[in-house]
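Take this structure, written in structure tokens, and hold onto it; I'll ask about it next.
The first chain written gets the first letter, and so on, giving A, B, C and D; residue counts start at 1 in each chain.
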Amino acid sequence: MAIHPIDYRYGSEEMRRIFEEESKLQKLLEVEAALARAHAKLGNIPEEAAKEISKKASTKYVKLERVKEIEAEINHDLMAVVLALAEVCGEAGKYVHLGATSNDIIDTATALQFKEALAIVERDLEELKNILLERAEEYIDIVCVGRTHGQHAVPTTYGLKFAIFAMEIKRHLERLREMKKRLLVGQMTGAVGTQASFGDKGIEIQELVMKDLGLGKVEVSNQLIQRDRYAECFALLALISATLDKMGREIRNLMRTEIAEVAEPFREDKQVGSSTMPHKRNPINSEKVCGLARIIKSNVFVALENVSLEHERDLTNSSPERCIIPESFVLLDEILKTMKKVMKGLKIFPENVEKNLMLTKGLNLAEAVMIELTKKGMSRQKAHELLRRLSIKAFEENKGLKEVLLESKEVRAYLSEEDIERVTNPKNYIGTAIEQVRRILEEEKKSSRS
Amino acid sequence: MAIHPIDYRYGSEEMRRIFEEESKLQKLLEVEAALARAHAKLGNIPEEAAKEISKKASTKYVKLERVKEIEAEINHDLMAVVLALAEVCGEAGKYVHLGATSNDIIDTATALQFKEALAIVERDLEELKNILLERAEEYIDIVCVGRTHGQHAVPTTYGLKFAIFAMEIKRHLERLREMKKRLLVGQMTGAVGTQASFGDKGIEIQELVMKDLGLGKVEVSNQLIQRDRYAECFALLALISATLDKMGREIRNLMRTEIAEVAEPFREDKQVGSSTMPHKRNPINSEKVCGLARIIKSNVFVALENVSLEHERDLTNSSPERCIIPESFVLLDEILKTMKKVMKGLKIFPENVEKNLMLTKGLNLAEAVMIELTKKGMSRQKAHELLRRLSIKAFEENKGLKEVLLESKEVRAYLSEEDIERVTNPKNYIGTAIEQVRRILEEEKKSSRS
Amino acid sequence: MAIHPIDYRYGSEEMRRIFEEESKLQKLLEVEAALARAHAKLGNIPEEAAKEISKKASTKYVKLERVKEIEAEINHDLMAVVLALAEVCGEAGKYVHLGATSNDIIDTATALQFKEALAIVERDLEELKNILLERAEEYIDIVCVGRTHGQHAVPTTYGLKFAIFAMEIKRHLERLREMKKRLLVGQMTGAVGTQASFGDKGIEIQELVMKDLGLGKVEVSNQLIQRDRYAECFALLALISATLDKMGREIRNLMRTEIAEVAEPFREDKQVGSSTMPHKRNPINSEKVCGLARIIKSNVFVALENVSLEHERDLTNSSPERCIIPESFVLLDEILKTMKKVMKGLKIFPENVEKNLMLTKGLNLAEAVMIELTKKGMSRQKAHELLRRLSIKAFEENKGLKEVLLESKEVRAYLSEEDIERVTNPKNYIGTAIEQVRRILEEEKKSSRS
Amino acid sequence: MAIHPIDYRYGSEEMRRIFEEESKLQKLLEVEAALARAHAKLGNIPEEAAKEISKKASTKYVKLERVKEIEAEINHDLMAVVLALAEVCGEAGKYVHLGATSNDIIDTATALQFKEALAIVERDLEELKNILLERAEEYIDIVCVGRTHGQHAVPTTYGLKFAIFAMEIKRHLERLREMKKRLLVGQMTGAVGTQASFGDKGIEIQELVMKDLGLGKVEVSNQLIQRDRYAECFALLALISATLDKMGREIRNLMRTEIAEVAEPFREDKQVGSSTMPHKRNPINSEKVCGLARIIKSNVFVALENVSLEHERDLTNSSPERCIIPESFVLLDEILKTMKKVMKGLKIFPENVEKNLMLTKGLNLAEAVMIELTKKGMSRQKAHELLRRLSIKAFEENKGLKEVLLESKEVRAYLSEEDIERVTNPKNYIGTAIEQVRRILEEEKKSSRS
């Protein structure tokens, strides 16, 4: 019966399937088959045997149940696979696993799993980036209040917010693509890396097998593929989840009842927001993203400890990898797809955006006025001090900045009423926000066309 | 199909059962039943209704399948339990969950799970401590070489090694027992902690429910039991696993081919040590312990991040707790029981212990000679310098320390041949090692009798 | 020149002093002196020598500079201290460090540092708890909106918020006090734990030294005090900082411009809130608390890895402990004192509290109405469904809940106008919030008197 | 007085200098100067003013002491720098910091620090890789026993061991070089990313400043450079330290008294190996590497949490970055240089390598015999079973494998005495180990020439 939520609750079908026991078995069998074909090509075993092994190297013939039965008997998981494959191959069975050590098969099969899983992550990242760019384009000129330290600052735009997210996802794609050449490698190096069990053709065998499987190969190794390669991958998954956490946190904060500028998509017919407060729109998707990101981040430590194996290998990496490989990929899959859904269906409430933008009655535009005053000839230090004083006055008397400016002789010596009107309109103080986003949109469209 | 190894590979039946979906459901139902009984006792609902609810609050009546069906409909897991319970209670159904908020039920049910899980951990720790004390007693006078920095140092005893482990486990028991009063608490505090939904009898209701369930109660809370309580628990599980990691590492090192002082129990008839090296005795149990300990340690970070929830609660703790609660308990269960087995069946090879003890031909007894020389009147600094010189001589000429001492006029001016014989016998240089262990054994026997 | 901010920016004088190189030296000397006194008491060395050593075991006589000079020569830090002490003791110098191994002195000296540092933490926690209780008392009946998922929920009180924090700090005090017996221990166990270098009086020597220094003692050990004791301490410091992080996050959120219910104390004359926005009240203290908490939490990982030392010790704990011991204590000191200051001087803005409480126009009181309706005889399920409908109506038509209730025939069949008036006043729906806090205040006053 | 060891103990002069308060100040000033030059180029300020600012933007003129004085006054660190620079620039002072927000300057200055620090890391990695390749070449044909699970396995070579390390360092270099384009970027984006304070020339200003400083630029940003860029860097530093930990652990294990195949370089004249055991050769350098690596790894957690900042920025990243940026770089510097020294001066003891290689009397060559038997016609399964039996026999009767093989009729039916002689010589069973290393050496020489 299910215990861990990646077994019954989290992750898409496509991602979970990769890490099911049966899929793992299928990959192991594929590597054994590729090995047999390589041996045949080099004349080490009969062509017919390789064909038979290739044919039977499938969970259609080699049943998970049978493998488990043998494992219970001999207490060695990979050897159980070898025996189970051998026994369905008849005469050819004796050519199974020739020269390989368990981890040649296991680590190469894991590389095949990584390849499939990363392809899904890459596609989802690409889609998320595009959704974010769509939002950036859609909201390119929606001016909202900027917030630093949780406090209102000068205005910004929703376009900029989403473009920042999109570019961060783009960096993750870049990292992922650069990483592949290091992670998606297999090995046929024998018990300690010398390939002694392959005779003198070890180097050729490794090349043939990996080419067959569509993987890169290690330049040199011992019993295991070195785990810095894996740790880099877990670090990247954690980095991505840190970004998703940031996006989730942004949505949660912008959904606060007092702010209410956006809302997650919500199925009004079905979903119970709260058992006692039926009107609530809880950001449960974003909260889930922030929550599960914690686990993906913490798994980095496991992966880092797994790097430091002794001599030609110890086994301490094995049991934790059984846990963290599926866990990190399935949970990232869950939160990546969740975030795609949230960003795709995100609702925005322009009237609340506007209301918040004006909440401090222009106090957040002091900077704009200061700049205008210096343009008109006031010294910068004086303008700074003046605005500081007027801002505090406005704040304490609960007046608008415009009102206070209009009343100030010092200001009026430099600025006309129209000047003040213009300079206290937040929409006139967004600098190059639109231009920056426009450039990004163009750049991305260009590069997606190419 | 299974993905995470706590679902098919790790953990005992007794521990895994606690965290299965159905067990969780059963606990939730028990809390609902206790709540109904409390309401009845205070006259809020009919006695009969409480009886009916108590009877039906069981997975015999409330099927997991049905709960999932409702959840799929309404997208709220606890409310689905409430509705599923209500619908099998007939008329009494309307009295289910009265005044409670979802997390009153969930967190209280989790406390019940913690209680069962900790009872198993406590019992296993107690047993492991006793096994270690047995080993300490059995090996109380087996003198072996001490090793610091991986280098041979003065002698110690196997008794001391095991007594140190036993006392560390004892400290964990102490910590666990002190923690219970903080962790094993439930709450009935309503949506934000005010108990408003319970009318004016909230305080009494909470008391009645927790007394009924055998739990402590929060003094004050909001929608959630504060997560410092959980984080303390995860920190303790990590501390315990760090100790098991230390023990596993010790076994692995003492099993090294070059050292070979001990061996894990091994089923010679069945187990394949290695597919290519049938004679190998790999410390696979200890390696598994060291490996899985990494995950339990990394989960502390998740638990620490879960402490910092916003306002009266946010949901970010929920999804990661679904993962780390079963994971940390089931994996600790796996490695604790594994270590019990290893320590119970540990083989020791006295001839190798002896061989290693003499490996540096007495060089590790320079300290003993130095002390003897100062006792006999040589200045400490002079003795230190002399032994330093003689040790280097012995080391470089590959002689025994005894030999070098016998040749040294400076030494012979103070020590007779018998003196040298005695002082270079490692078994005469173990100080109070036996006495210390004896005291501990007596102390522990006394306290276990009381 | 300073690089790490605990050397020039963070931490109080009293805490930083404990971890300065010179203070560390002073503690090492004190342990050497206590050891000499123990030897004298047992007749191992002349009484006079112990007196001389005790007198000179001070940084007044043993200069840090001289110790560093010797260390540069011999490359061994503790032996440099021993030689520097011996050389100022004249004849008595030869009795310094008798029988001890370096770590007997180092670990015992560290226990003395822990003792001083924990005393400061304990006092600050106690003070913070009392400040929080003062706030709880002061704000006992200030009703505010409860927030779950960042969304408005039923009302709660500021008194409850602060009482929850206070009780969490109380639990930390409890943990700290329970931990002391495990952490504040020294050892005199020689190179590998056998006390061989102390002759047959090792057990007595250890007892005398620790009694002299006011420390507990290990029951058994090897070259090091076992690091589970330290890891527990780092876990506790992390737990405390997780709570401070929670408190800091609460302040930051309640200070948001849109919420503005509280403010950190602020020196208006001096502090520049922002270089471009002089009116801003940034929660910089709370942000610092949240930021530095991350480091204290991450150090747990280091402390957990330090537990697993090989054989009778390896040195891998040494270099990281030089970093994390001062870092975690000094940074915790910084954020604990900062949080005391914030909570002591916290400003509250009742008009904003009130405004937020009414923001959803009573929608957050649907639960209260539902309960009232069931009290008056409507079935619970019907009341739930009715309120769900009316809430959505109110929300969509932007009306107050009261208004919608008054218009609803179904409601009016059960509730009079006065009923509706009463039941939609949030101050009538805070359950036992005041009573719960009152009980805690009484309990705490009682226990602080005893 | 110094507290944290990066202030007095760890790190090279070149690395520590980068992170000293004064160097940080110097970088901040350089960014302000570049900004002034950009403004002048665009005609925003007089050319003369930019010249004056450029001249005075140096700690020669702007004293750290003065900056601290101002900071104490105004409680804002960057504004203190601005004022201190302005006051030494006379009339030109008013053109300092025009349009910039504090973090434009701070984050850009940090990028300059990263650039210098990474250059040192890159050079040291390159040197370490070359040292490892030298070792690989020197030991290319030194055959030693392979060890898996700490148990003897088939033979390998020291050349292979070092080549594996070298290639792992090479991967780190690759990662570092790929990362630079993401990390070494500055920004001039104003308070929230819109560049509003720069008027309409923000995009040009940013380009000019970054070109001037030799940095890349953000495509889009808010108040801060997005911290996924930093987190990637900390993850890489942790990955590198995990590899160094692995190398340190390998040295420590190979130096064990029972193994003694290698030794760290050791100054016999000076260094005290142990206060009580003068002959010891403790792997203190490698132990330090393993110890400090823990801190660099744990800092990843902090960096990951720093990614998730709220809205246009919060301040929680600031205080922890003050700690972890210098800490991770200085400690990595310490262990990277230490490992270079260790690997450069590593001693190898061929007689011990040989002794260990023969320790199991050929048992580790069962695989080789098995393969030979199958080559000669025995079925693989039969050969496996036969060797399994003979190995156990040899092991139990403490005979050499050769002896047992010679006695076995089943074996002799296939193998001659010479066959057995040849096949039980470990030096004949190292597969392509030498060839693999040779290829790598050639490849690396080629690429270093290009």
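Convention: contacts are C-beta pairs under 8 Å (C-beta built on N, C-alpha and C of every residue); 3 or more make two chains touch, one makes a residue touch a chain.
Fair warning: this is a prediction, and the values are worked out from it, not measured in the lab.
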Graph distance between chain B and chain D, where chains that touch are linked: 1
Of B-C and A-B, pair with higher C-beta contact tally: B-C
Centre-to-centre distance between chain C and chain B (centres being mean Cα positions), rounded to whole Å: 24
CA centroid of chain A to CA centroid of chain B, Å: 34
Shared-contact residues (touching 2 or more other chains) in chain A: 147-150, 153-154, 191, 197, 252-253, 274, 276-277, 282, 284, 287, 290, 297, 301, 305, 314-315, 367
List of chain D residues in touch with chain C within their complex: 1-10, 16, 19-22, 73-76, 78-79, 82, 101-102, 191, 197, 252, 267, 270-272, 274-277, 282, 284, 287-288, 290-292, 294-295, 297-299, 301-302, 305-306, 314-320, 322-324, 326-327, 330-331
Touching residues (chain side chain B, partner chain C) in the complex: 94, 98-99, 146-150, 153-157, 160-161, 163-164, 167-168, 171-172, 174-175, 178, 182, 190-200, 202-203, 219-223, 226, 228-229, 231-232, 235, 238-239, 242-243, 245-246, 249-250, 253, 290, 297-298, 300-301, 304-305, 307-315, 367-368, 371, 379-381, 429-433, 435-437, 439-440, 443
Sites on chain D touched by chain B in the complex: 145, 147-154, 252-253, 255-259, 274, 276-284, 287, 301, 305, 356, 359-360, 363-364, 366-367, 370, 384, 387-388, 391-392, 394-395
